[in-house]
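In what comes next, subunit A is part of two complexes: it sits with subunit B in the first one and with subunit C in the second one.
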Partner chain A sequence: MKIAIKLAYRNLTGAGLRTWLNVLVLSFSFVVILFMKGVMSGWDLQAKTDMTQWEIAGGQYWHQLYDPFDPFTLSDSHAPIPPQLSDELAAGDMVPLLITQGSIYPQGRLQSVLIKGIPAKQSLLKLPTHRLDTVTDAYPAIIGAMMARNLKLEIGQYVTIRWRDVNGTFDAHDILITDIFSSNVPSAEAGQIYLPLETLQEMLSLSGQATILTFRDEKKERPAVEGFTLKTKETLTASIDEMLKTKEVGQGILYLILLLLAMLAIFDTQVLSIFKRQKEIGTYIALGYTRGQVVGLFTVEGALHSVLAALVGALYGTPLLWWVAKNGWAMPIDTSEFGVPIAQTLYPVFSLGLVVSTTLLVVLITTIVSYWPSRKIAKMNPTEALRGKIQ
Partner chain B sequence: MKYTLLAIAMLSLAALTQAQPTANEIIQKVDQNLSSDNRIMETAITIHGRRSSRTMTAKTYAVGTQQSFTEYLSPARDKGTKMLKLEDQLWIYSPSTDRTIQIAGHMLRQSVMGSDLSYEDMMDDRPLTETYEATILGKEILDNREVYLIELNAKVSNVAYHSSKMWVDAERFIPLKQEMHAKSGQLLKRIELRDVEKIEGRWFPRTMVYKDLLKDGEGTEYKITDVRFNAEIPEYIFSKAALKR
Partner chain C sequence: MEKPVISIRHLVKKFPAGKGEFTALKGIDLEFNTGEFAGLIGPSGSGKTTLLNIIGSLDAPSTGEALVLGNSIGQLSAKEAARLRKHSLGFIFQSYNLLAVHTVYENVEFPLLLLDYSASERKKMVLEALEWVGLTNKIDSRPPKLSGGECQRVAIARAMVKKPSLVLADEPTANLDADNSHHILKTMETLNRELKTTFLFATHDEKVIGYLRRKIFLKDGRVDKDEWVK
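Presenting the complex of A and B:
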């Protein structure tokens, strides 16, 4: 094997420009695949971190009727906060959230909104709820940047909201925008306004009630709470995993095209080598090499392309990918309307596992592609090969 | 002489008391004029937006307050759009997509075809006597008509508007204006009713102007071009299947 690698390396370097062209194309595919996989890992990390910080923390209890995709459920999705959770609430490790639907009238236009009540003193979520402590005649409210942009609202602006209380009676009041936040999490900011929890409870005549209870500690064994359903962090972030899986399928096609281009060149080189080096093959056999050993030699020679490509790719890819990982990759278009948790600038994450698995994948594919044309050697007549007769 | 004057005064007072109906009697008469077992109406709806106005025509079949079916007849882009209300559920059919969707949740709060009425406004049309306690605040002159100013306060909890003021024609017992208030007291909507005519033995307004006072614009005008009360309406009209016909 050692001789095979030594011979293969010599043959490869001996081929000169042809080898380096193949290596360059393969290294380019290698770096691009690594970059794209890094972007996906970075997105996964960013989306989950943002969701944790802005919306779900360590997990949530949902009212048993609450279904965010079914607006029919919202009017009945509230219940008194269970007394068994009072210690956690008092310690600030749990945040109750009450949700209702309403309308907002910015600049005399009517828009539907979700009105969420959240304690002003909470510190579990990154939402700037301390700004809900503002003393004003109007109800203090905070909104997301996405919503502020769509409704043309600014900090300090008054706007009227209308809602129905628990009995369905209309009520209306002015709100004062006390802060605008930017979270990258559409489900935490699109089409919704946050008011102090007590205010919303009073508005709806639902004192002491909540729709969602968000808790801090995801590892703690959670008790079952009557009337509420436990949603673990894994369940709540499952949509991100599914979305990334779908994206990966799409990216897989791009990887395939890139690898196909590189593999085509290697396949071509291998076929040409076997065709041009028949005398050499015959000599190897005459010297006592078995057919399998010769096939192995040519396969190693082809596979070495990928090793060289990894080295060359590392040469220019390492500084390039390090720079991208540090400075991020700014999305060329506005991502706020995508409806998924995605930052405007993505920071790719290149873990050791990612680099090793991508390298192994490329080496494996190159080896298979190199072996494929080499199988022909096994069928060659050694005497004919030695004479250099085309077979 | 003294006794004769006292008798005349008492008789006048009795006559006056008899002439002035109570608030509940007034809204009962309003209900009698506006409500019917069923009705078929053709309306021209003009929506006065911030920049321009547009008019649609529609035909509505209604039985009591629980069932109603509306088909839009013009303009071409809205023609064939149908709405079906069965108790507290509402469906809308769009011919361009050939789809029937149920209007629910936040969609109920959106305006109907861009008008000043939301879908949920259409859902709540119970008789006033069932839902409000009425008080007479006084008599006024409105559009050269003598009117009773009535204050309505909800007597049931599940009512859309907590309170409202109604200017009721003292002779024809038809409201000429109504202002609806939120629980907080904020004025939310105003309805003006005009062109009152006697149709099939009852006074009925031919024109109604709805104005959502939180929104910009000049309001939405409903002109009733044809109305028939207690007409024969086939039962199949109030089914989801009728939306696609």
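Presenting the complex of A and C:
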């Protein structure tokens, strides 16, 4: 094996440009595959981080009737905040949210919205709720950038909202947009207006009630709370995992194309080598190699392409990927339209495990692809190979 | 009495040709002893290269026996044949068959790599072999940069570096001019005398024939004449 590696290295370096062209193609595949995988890892991490920071924190209790996909449940999805959670609430480790359905009338148009009441002084979620802590003649409200853009709303603008109170009576009032935030989390932005909790409780005549209770500590053992269902962080982020899994299929196809491109270069080189280097193969056998050892030598040669490619890829890929990981990858279009948690700038994450596993996979596949055509050598007649007469 | 290096008995070699067979060797009986400088002489198709290939364990007889250094070629497995070539045989080819991407040094070093010599031993042996053929000033050159004569001298150094018992040379001067041919043949003759290596040529080149001490003329797959030069 040691000799095969030594000879293969000599053969590759001696072959000059032919080798380096293959190595460059393969190294390009290496870097692009790593980049794609890094983007997916980064997206996964970022989506979960953003969702955690802006919406779910360490987990939530949902009112047992609350169903985010069924707005008709909202009128009944509220209950008094359980007294057993008052310590956490007082410590600021739990944030109650009251949710109802309503409408707003920007520029005279009717638009359905979710109205969420949240304590202005909370610090658990990244929402700029401190901007709700203001005195105005209208109700102070904050909205996401996505909604502001769609409805052409700006800070300082007044809009009328309409809602039904607990008795089903319609009521309306003006709100003042006190802030517009950008979160990369569509479910925290799209079609949602945040008002102070007390204001919404008063609007709905639901004093001391909430729909969702978001808590900070995800590791703490959570008791069952009557009327509410515990939703762990894993449950709440499962949709992101599902979505990324779907994306991975598309990514897998591109990954396969890149691998095929690289493998084709190696396969082609090997087939051509075996045809062009018949005399050399015959010479190896005449000098004492068995045919199996020659197959081994050619396989190692092919595999060494990928090792050299990994080294060359590391030369230009390391600074390139480091730069992308540091500065991020700006999305070419407005990602808010995707409806999925994706930032305008994605920061790929290249873990050691990702780099090592990708490298090993490419080296393994290259070795197999190198071995495949090399098997033909085992069937060669050495006397004909020596004369280069095999067609 | 010393055992012969090569002992061939009733050797027949047939090749498939179309639907039938072509018989290249038709019952050869020969013996070669240590230190011989002998040649298989004949026109194209006389069977000299086929016989050389069988002696070199690159091919096997159809019937009969070829004993080379005590090994029955027809009975050897691929691994055993490779071991025989690796340890005891040296090959010199008409078109040199040097590894084009390796330097002169690496080409000559190759057989020693297979024999697991240490780096220092290899260096010593390679330089000694290159000195025999007068190419110590070309160790870093690659074959495409060498003349035909120089290439063949590298091939001789490669064949001789491990000091094999038997060197098989197939038309070694066919691609060389007269001056280079004589230079090469003199080198091989010197090595034969100094190292007691047995040399067996396959040739129809008059220049080579002039150096041989034993001339075996093959005709249509049979030994026509077996002459010793006094």
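The rule we apply is simple: the second predicted complex is superposed on the first by the 367 of 391 C-alpha atoms of A that agree within 3 Å, B and C clash if a C-alpha of one lies under 4 Å from a C-alpha of the other, contacts with A are read in each partner's own complex, and residues count from 1 in each chain.
Convention: contacts are C-beta pairs under 8 Å (C-beta built on N, C-alpha and C of every residue); 3 or more make two chains touch, one makes a residue touch a chain.
It should be emphasised that the depicted structure is a prediction, and the values quoted were computed from it without experimental measurement.
Of the two partner chains placed by the overlay, neither subunit B nor subunit C lies in contact with A:Gln53. In the overlay built on the shared chain, the residue A:Ala172 is in contact with subunit B alone; subunit C does not reach it. Once chain A of one complex is fitted onto chain A of the other, the partner contacts of A:Gln64 are absent, as it touches neither subunit B nor subunit C. Within the superposed three-chain model, A:Thr367 lies out of touch with both subunit B and subunit C [touch as defined at top]. Using the contact criterion defined above for the overlaid structures, shared-chain residue A:Ile3 touches subunit C, although it does not reach subunit B.
Touch criterion not met for A:Ser182: it reaches neither subunit B nor subunit C. When the two structures are aligned on the shared chain, A:Asn150 is found in touch with neither subunit B nor subunit C.
Subunit A has no residue lying at the interface with subunit B in one structure and with subunit C in the other.
Residue ranges of subunit A in contact with subunit C, taken from their complex: 3, 6-7, 10-11, 13-16, 279-280, 282-283, 285-293, 382-383, 386.
Residues 70-72, 74-75, 101-103, 105, 107-110, 112-114, 160, 162, 164-165, 167-173 of subunit A touch subunit B in their complex. Residues of subunit C touching subunit A in their complex: 53, 56, 58-59, 78-79, 82-83, 85-87, 91, 93, 95, 97-102, 106, 110-111, 113-115, 142, 158.
Residues 50, 104-107, 109-111, 118, 120, 154, 157-162, 180, 182-184, 186, 188, 212, 214-217 of subunit B touch subunit A in their complex.
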